[in-house]
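Lettered A, B, C and D in written order, each chain numbered from 1.
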Amino acid sequence: MSEPEPLGWSRDDLATRAALDVPDGAYVNLGIGIPMLIASHIPDDREVWFHTENGVLGLGGVPEADEIDLDMQNAGKEYSKIVVGAAAFDSALSFAIVRGGHLDIAVLGGMQVTATGDLANWSVPGRTPGVGGAMDLVTGSKQVWVLMEHTDRTGTPKLMRHCTLPVTGTRCVSRVYTTLGVFQPAGTHFECIDLAPGVDRETVRGLTDAEVTFHDDARDGH
Amino acid sequence: MSEPEPLGWSRDDLATRAALDVPDGAYVNLGIGIPMLIASHIPDDREVWFHTENGVLGLGGVPEADEIDLDMQNAGKEYSKIVVGAAAFDSALSFAIVRGGHLDIAVLGGMQVTATGDLANWSVPGRTPGVGGAMDLVTGSKQVWVLMEHTDRTGTPKLMRHCTLPVTGTRCVSRVYTTLGVFQPAGTHFECIDLAPGVDRETVRGLTDAEVTFHDDARDGH
Amino acid sequence: MINKVRADALEMLSIVPDGASITIGGFGLTGVPIMLCDALCELDRKDLHIVSNNAGIDPTGVGRLVGEGRLRKFTGSFPSNKDFFTLFHRGRVELELVPQGTLAERMRAGGAGIPAFYTPTSAGTDLATGSYPARYDGNGQVTAWLPAKDVRVFGGTACVLETALATDFALVKSHRADRLGNLAFRLASRNFNVPAAMAGRVTFCESQSIVEVGEIEPDDVHLPGIFVQHVIQSRPGSFDAPNRGAAS
Amino acid sequence: MINKVRADALEMLSIVPDGASITIGGFGLTGVPIMLCDALCELDRKDLHIVSNNAGIDPTGVGRLVGEGRLRKFTGSFPSNKDFFTLFHRGRVELELVPQGTLAERMRAGGAGIPAFYTPTSAGTDLATGSYPARYDGNGQVTAWLPAKDVRVFGGTACVLETALATDFALVKSHRADRLGNLAFRLASRNFNVPAAMAGRVTFCESQSIVEVGEIEPDDVHLPGIFVQHVIQSRPGSFDAPNRGAAS
């Protein structure tokens, strides 16, 4: 029995789609996982600055083996390059930036998001504990975007009426990019503003726990 | 009618006497006025580091005209030199040093000190308002020394049972150097541990509002 | 492309309205953004709430704003200039007197998303017990006092609750700046410029020099550009007067 | 003369007793004082309360302390290593899980004489409402929860009260240090080392190099020596392993 062709956007498509919405001049923090893929998909004509919570503004790409600097890792503990004009600082100032509202966008992975903008992404019962900077990022950033699969591995919806997992923050998410489309928490429901190619509205409704409305731009199966 | 010869130590004597008590390796903040004179009287065999609340650790002496650096003033707004090994920092970190208990000694001027260690030195009715860093310094420093005339210009005592002027801090003064001697607030009274040359115990008692006891080292009129 | 460098101080500061709250860096005369203060005067801005350690000593910088009567309120630790004293006692300006360390920490908190903190500084003094004048009427009578501060004991020490100072704007001065707003300072002129720049929702920096991106090494940036929205070259007269400080 | 440079790590750290609270700098594997952590292990210190962002990933640094069962309590944001998970769920170690920004701010507050502060971070979450396990018994049952935090609303936003972390000792790692304890760091290895060094009542620093006084320019000192009591040369193996991070 072969796996069915995955529905909607791939992880890379998802990052490409989200990257389109990052404006020129934005200060952005990218969470570990799919969000980090955004960095390599920013359109060439835009200057975007990436913040890493371990203390650098001006994160660059992945270094070649001979470019590795042992003093330069990203928040995912991977060796990383910096760009010209980068600034280094300590963790207290790094989170002054985060909590103080100076980041334009924080992009995080998610386990559950509600129509009121609550996010759960830090704790699963029985898993190794860890919270990292997620609670600070969702509190302080001007916009919080979540990038995630539309459902979990068992097909259970992740766009929820209520979180069943412990929340990272409440009323904090401004936009959700899933493998099926782009969604804005609208209080009582999610508004879908874009659909992935080949995805129709009925499929989205069936895989979403919360109510969904569709903006005119979210055209069936384009 | 000529002024009578001032009793006890001169301002410079007072600074010299206090400087003797500053241990090797100490981190010290010197207030504006008489306390600042201490810097030039530290014995040669001691390394003492001076902190200035406007953001430098490693304050040096007064520059010659051709040595003036416009970016380097002390807390008294006078141009100042720095020593080799000095560090510059912002005002928030400067007061993290002060309030966080990292300074060994803060030396301040005083208007009134009580036997319980309360200090009044920031506010006189009808004078231009200003508090500066005095309240932070008396709160955070491991030791607070006060250098001052034994009485005010009218001969009114400044070592008091109770402050009549607004306090800068309570139970904060560890030692008082006046023109007449060296005093330690002992709760119910001051203990005099040294007398200025030519000063006797009776004179001190007469010019002090609080009770005074005398340590054996405080010998009459030596 | 991000380019925060501006050419004209008056045009740059024209977005500051009457009545704005403005944090200003500097201590005494080191690191004071004198050109930006002058521009506010030339723009005839009034009713300002100025947050700054000093109210200026001679009529430059914050001192000029005070002397020209452009303040409705001053928050700071050392407003000891004669113009301010006169205006304060005539009921023309409100004073929020704050210990210097508390002032720096409140500015930093404003930029760091910390709405309030406890500190032992000033506990038990007139500045914390509601016993210090904040405003006089025209006849020298006190009409408002500084509020009494919440007190809580930590580890046996009484501490007062202090709230963040986040202002509409900040004016600061740096030694070097680049088009990204990265700032570097020299010696004692760093002082309040870092917490002030953090506190402003929109921060303007006049810089002794504007350098290419990358000239300030990553480890030498004293304040990253994310805290700074506008940068302008300081005019020579505002930083090289040799005996300016001595005269005050 | 002040000379904070020490020759022998074991002798230097022998003043740290069993049961001590110790803040440790570093993030992942950058800036971790691995040599000092090793020395604590070689000194066989136990029952430690370790405050650090990570609990270590592979068995070096904080990870070695964890793996050898030397902790009675861990305070940090990301204790995600298997050894820790096992020990925690078997009731062998207490966990105080703290959001990363709150952790950095609590360390800084500990060194800055700020006993407590309010932050919006974690308000309304399990970490603030007393709903997260702090300790298990040997059978996997929760025997203690993180305390519910005081909540106060500022500007319409619910905030929680967080207390300072001031510890008996701190272990940090710098790129350059001098005999006065002045420290300079490189890039992302600065991270928690600055707030950690502030938080310790006695702070030990291992440095990649020890330089002459004056080699670190005044404006380039990232942490002034007043926060540091002991400095020691880091051993080569503890900072130049090329693929150490990639293996974890």
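Operating definition for what follows: contacts are C-beta pairs under 8 Å (C-beta built on N, C-alpha and C of every residue); 3 or more make two chains touch, one makes a residue touch a chain.
Keep in mind it's a predicted model, so treat the numbers as computed, not measured.
Could you tell me which chains are in contact with chain B and with chain D alike?
Common contact partners of chain B and chain D, which must touch each of the two, are C.
Would you mind pulling out the distance in Å between where the CA atoms of chain C average out and where those of chain D do?
So the centroids are 34 Å from each other.
How far is the middle of chain B from the middle of chain C, if each middle is the mean of its Cα atoms, in Å?
Computed value for the inter-centroid distance: 29 Å.
Between chain A and chain C, what's the gap in Å when you average each chain's C-alpha atoms?
37
Using Cα averages as centroids, what's the distance between chain A and chain B in whole Å?
The separation of the two C-alpha centroids amounts to 57 Å.
Could you check chain C for residues that touch two or more other chains and list them?
Touching at least two other chains: 105, 108, 112-114, 119-120, 185-187, 190, 218-219, 222.
Could you say which residues in chain B touch two or more other chains, in rising order?
Only 56, 82, 88-89, 95, 98-99, 139-140 qualify.
Sort out which chains touch which and give me every pair.
Every touching chain pair, ordered by label, is A-C, A-D, B-C, B-D, C-D.
Where on chain B does chain C make contact in their complex?
Those in contact with chain C are residues 52-56, 68-75, 77-80, 82, 88-92, 94-95, 98-99, 123, 128-136, 139-140, 166-170.
Help me check something: in the complex, which residues belonging to chain D touch chain C?
105, 109, 112-120, 152, 154-155, 157, 159, 163, 184-187, 190, 218-220, 222
Mind pulling up the chain B residues that touch chain D in the complex?
Of all residues in chain B, those touching chain D are 24-25, 27, 47, 49, 51, 56-58, 82, 84-89, 93, 95-103, 139-140.
Mind pulling up the chain D residues that touch chain B in the complex?
1-2, 108, 110-114, 178, 180, 182, 198, 213-214, 216, 218-219, 221, 224-227
Looking at the complex, which residues from chain D come into contact with chain A?
27-31, 53, 57, 77-82, 84-85, 88, 95, 97-105, 107-108, 119-127, 131-132, 175, 185-195, 222, 239-240, 242, 245-246, 248
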